[in-house]
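Look at the two complexes coming up: chain A is in both, with chain B in one and chain C in the other.
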Partner chain A sequence: MRPILALAHKELLYLRAYPLDLVSYAISPALIVAPYLLVARLFGFDAGLVDSVAVGLLLWYWLSTLLGGVGLGLEEEMEEGVVETLLAHPISVPTLLVAKALGTVILNLYITGAMVAWFFAFGIPLLLPWPAFIALALLAGAGISGFMLALAALMLLYKRTFFTYDLVQASLGALSGVTMPARLLPRPLWIVSRALPLSYGIESVRRILAGGGVGPDIGPLVGLGLVYFLVGRKLLTVAERRMRAAGTTGEF
Partner chain B sequence: MISCSRVAKTYVVRERAGLFRRGVRREIDALHGIDLEIGQGEFVGLLGRNGAGKTTLLKIVATLLLPTAGEVEVDGIDALREPTKVRRKLGVVLAGERTLYWKLTAMENLLLFGGLQDLPRREARTRSAELLQLVGLFGFADVSVEKFSSGMRKRLAIARALIHRPPVLILDEPTTGLDPHGVEEVWEVLRALREEGTTVLMATHNMLEAERLPTRLLIIEGGRLLADGTPQEITARSGAQRMAVLTLGSRPNVEKDLLVHELGDGMYSLAIPVDRLPALLARLQAEGVYLANVEIVQSGLWEAFLRLTGRPFDTLPDTQRDEE
Partner chain C sequence: MRPAWALLLYTLRAQVRYGLFRWSLVFPLAFALPALLLGLWGEGLGLGAEFADRTGTSDYLGYLLLGALYWSFVEVVWSIVFSLQRAMRQGMLESLLGTRISRIWLIGAWSGARFAVEVVPSLATLGLILVLSGIPPWPRWAGVAAVWVLSLAASYGFAFLLFGLTLRFKDANSAVGLLGNAAPLLGGVFFPVALLPAFLRPLAYVFPFTYGVDALRALWLGTPAMLPVDIQLGLLAALAVAYVALGWWALLYFERRARHHGLEGF
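And now, the complex of A and B:
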């Protein structure tokens, strides 16, 4: 646990080094949520649907940041040139990624706070059952951990994976029904969405927003999440082994 | 402490051939079956030219690189099967300056890497203070590493590697790019470690460093170990010696194997191995030859290294295989 805490602490110290990032994290959510909410209002949707869009965005922004923070997390270490030094220590790559996740979660609390403040500014009070929402958000984060590991594996092998991240992030968002229910997707895409753990996470959130319980979606969220996690873990192991065999630990 | 048995490494690289064409696939044999035993408390220098295989060998011992064949043990632990355990035994300072987080202070870096070695915070803080004292950076504990000079960063990197009191320290060209003062500062730290009995494996291509620090020297070339011994032994075995160049006021009467070169204006120069210098000086004095200058040139090890590894541009090591 000590290595994870030490690395997560480093993440926070780096925020101190780049204070303008904090300003950006506070302002950028407004730029993202505004178009969706304005469109929702322009077309005369009721307050419930606006709330639903808002929650989808909140959850999605949270998960996107987590996906990037962990999946592309080693980028910062590569740019610093310290990946190789870190790998010479008795910590595994998954340990590094868990620390990244912890640092991102802490950062996300700040971003979520900023985002909620923007929602208030847009006149959306977000009357959510917050404890259940936070628990589901964390579970959904765990549900996409397989994708984070797979992205990290690609990063170890190819060093730059922004395109893959954008592709995974956009596809996950569209197919799991972030801004519209997945049942409205064409049937082939709907079938794909059924294979994504996040679809079930978002549906659960929508259900609790409508005053219901989390319902039967928790099972597929956890089960599929576990399958993706195991696949991602395997990819990461293979990637790390190939990187150590190729001698590219010091490259970026 | 370190044992390598028949360690070999082949890199596979593909040459670039424009945007779309696939280039030639090439295999480069970086190490050819290295056998090596390093005992506790030895300070071993690994001397070789660029591309000789020094860093590859160090990285294999440090578990950063997987060998193509062979076995490596550190303190009796198999480095290929139990790399994490081995990493607890090692302090590693890789080449280059970017082995630290530059935005963090010296103390923050040490505490971070102490945490990675699972040191309790309080113990890490005490140890960090000791190490900053050892490397002469105590007064800079709270200064960002980005403000440090190259030499300070190197010393801090050494302190970072020692945070968990590792029995073995691995250093890859620790003084490359440093000015003489920076080099001397790093050497001072390394000498202290040598006196303490820390086991050190250090790659270098700095002859002075190789001559002055290690208690044992390995010369590596083309992925093979060519020589093993103290710097003095290797120099003596290769037949190379430190030379003294004398500038004289008249032609001396010397043995035929010594070349006397006429400089003009009645001055002559003469090069002689330093072990023959006292006898020659006595004779010159007896003959009344005016001695204008004595200069000691080229370390003996320098000459020995060139003799063992060939002159610059002599060869491209016979280690590459091309495939279409």
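And now, the complex of A and C:
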């Protein structure tokens, strides 16, 4: 546990070294999702529907940050040429990634607070039971951990994987019903959405927004998340082995 | 000229090697996707008339995609700061600055490579817009071309500023994050800026791309413009000149400060 805490601490120290990041994290995320909220207004959505879109976007942003923080987390180390040094230490790649996840979760709490303040400024007072939302966001984060590990595996092998990250992030958002409920998707896409843990996370969050409980979505969220985790873990192991065999710890 | 050309080819090859052009094929579509899905939902709820009332067109697919395409074009020049950040991380910046490539050619080479890799593939979305919304009437083509050219010039103004900020503060993500992520909102990429909260509207009106995207939609889709299109093009041109001058001054200023603090690395 101590290496994880030390590494997560190191991740957070970046924010002290580059305080402009903190300013950016307070402003940028809300501005990224706000155009979509204004499109909802453009179509004359009522307050309930706008809230439903806002909470979907909030959870999507939370999970996208986590996905990028872990899945692309080793990019900086690769560019700086320190991956070899890290691999020579008795700290495994999964340990490095868990530390990055921890750092990103702490950052996400900060980002969420700032986003909610911005939503308020846009006239969207998102009245959520926040402890339940945070718990669901963490659970949904665990649910997509397999995707994070798979992306990290791709990064070890192919070095620059922004294309895959952006594609996965955009597809997860569209298919999980971030801005439009997944049940309204065409039938084949709806079937795909049933295989994505994030779909269940978003539906649960919308249910608690409407004043209900988390409902029956937790089971599929955890079950599917576990399956993806095992697949992602296997991919990461194979990718690390291949990277070591090829000797390509940096770009090539 | 030759060193800059060599740098452009080197950057281009690195980008092709890692397949960076593939995302550009779908970027405008992916960027617009959440908005397009909202549009589909709104249409399903029978709210299409509300959209037409507020924008002046019922063609919401063309309206949203045109905004996304315009944004992907504008953004590409800004993203040169990631090339700068990469050079800093890899410890190459001092060597690059030690070559005979002037600052303007350095920026030209990086942005040229990004243009080739990112803008050309994004033309796939242009094809989709042409299918969905048709071709603008030919007397307006000159206006459409003027919007693209002037917007490109304004983009370089922002690119110079971000280049200088990255030299000084090192971390390009935060600088681009602040300016770049605010831009689609302030510029009204997917909506008329009249919908913005009152406290953001003044910022939108000093932002060149607000006039660019609004004029483009007016010329292409026939939506009502904020101001007569000729005046908007004049404002876009004036702001482009102002931002290029301001950006260049900021680049020189921040580079001088950065050299004082130690230019290289993090």
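Heads up, the rule we're going with is that the second predicted complex is superposed on the first by the 249 of 252 C-alpha atoms of A that agree within 3 Å, B and C clash if a C-alpha of one lies under 4 Å from a C-alpha of the other, contacts with A are read in each partner's own complex, and residues count from 1 in each chain.
In this text, a residue touches a chain if its C-beta (ideal position, glycine included) is under 8 Å from a C-beta of that chain, and two chains touch if they have at least 3 such contacts.
Note that this is a predicted model, so its numbers are computed, not measured.
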Side-by-side fit of chain B and chain C on chain A, or clash: fit
Contacts of A:A195 with chain B and chain C, given as first, second, both or neither: neither
First, second, both or neither for A:D166, with chain B first and chain C second: second
Residue contacts with chain A in the superposition, chain B compared against chain C: C
First, second, both or neither for A:E80, with chain B first and chain C second: both
Contacts of A:V178 with chain B and chain C, given as first, second, both or neither: second
Partner chain(s) touched by A:Y158 [first = chain B, second = chain C, both, neither]: second
Which of chain B and chain C A:S28 touches, first, second, both or neither: second
Contacts of A:V238 with chain B and chain C, given as first, second, both or neither: neither
Once both complexes are placed on the shared chain, angle at chain A toward chain B and chain C, C-alpha, multiple of 10 degrees: 90
Minimum C-alpha separation between chain B and chain C after superposing on chain A, in Å: 6
Footprint overlap on chain A, where chain B in one structure and chain C in the other make contact: 18, 80-81
Residue ranges of chain A in contact with chain B within the complex: 2-3, 5-7, 9-10, 13-14, 17-18, 80-82, 84-92, 241, 244-247, 249-250
Of all residues in chain A, those that touch chain C in their complex: 18, 20-21, 23-25, 27-29, 31-32, 34-36, 38-45, 53, 57, 76, 79-81, 121-123, 158-160, 162-163, 166-167, 170, 173-174, 178-181, 184
Chain A-facing residues of chain B, complex: 9, 11-12, 56, 59, 62-66, 84-85, 87-88, 90, 92, 94, 96, 98-104, 108, 111-120
Of all residues in chain C, those that touch chain A in their complex: 18-20, 22-23, 26-27, 30, 33-35, 37-42, 44-45, 47-48, 50-51, 54-55, 64, 86, 89-90, 169-171, 173-175, 177-178, 181-182, 184-185, 189-191, 195-197, 199, 266
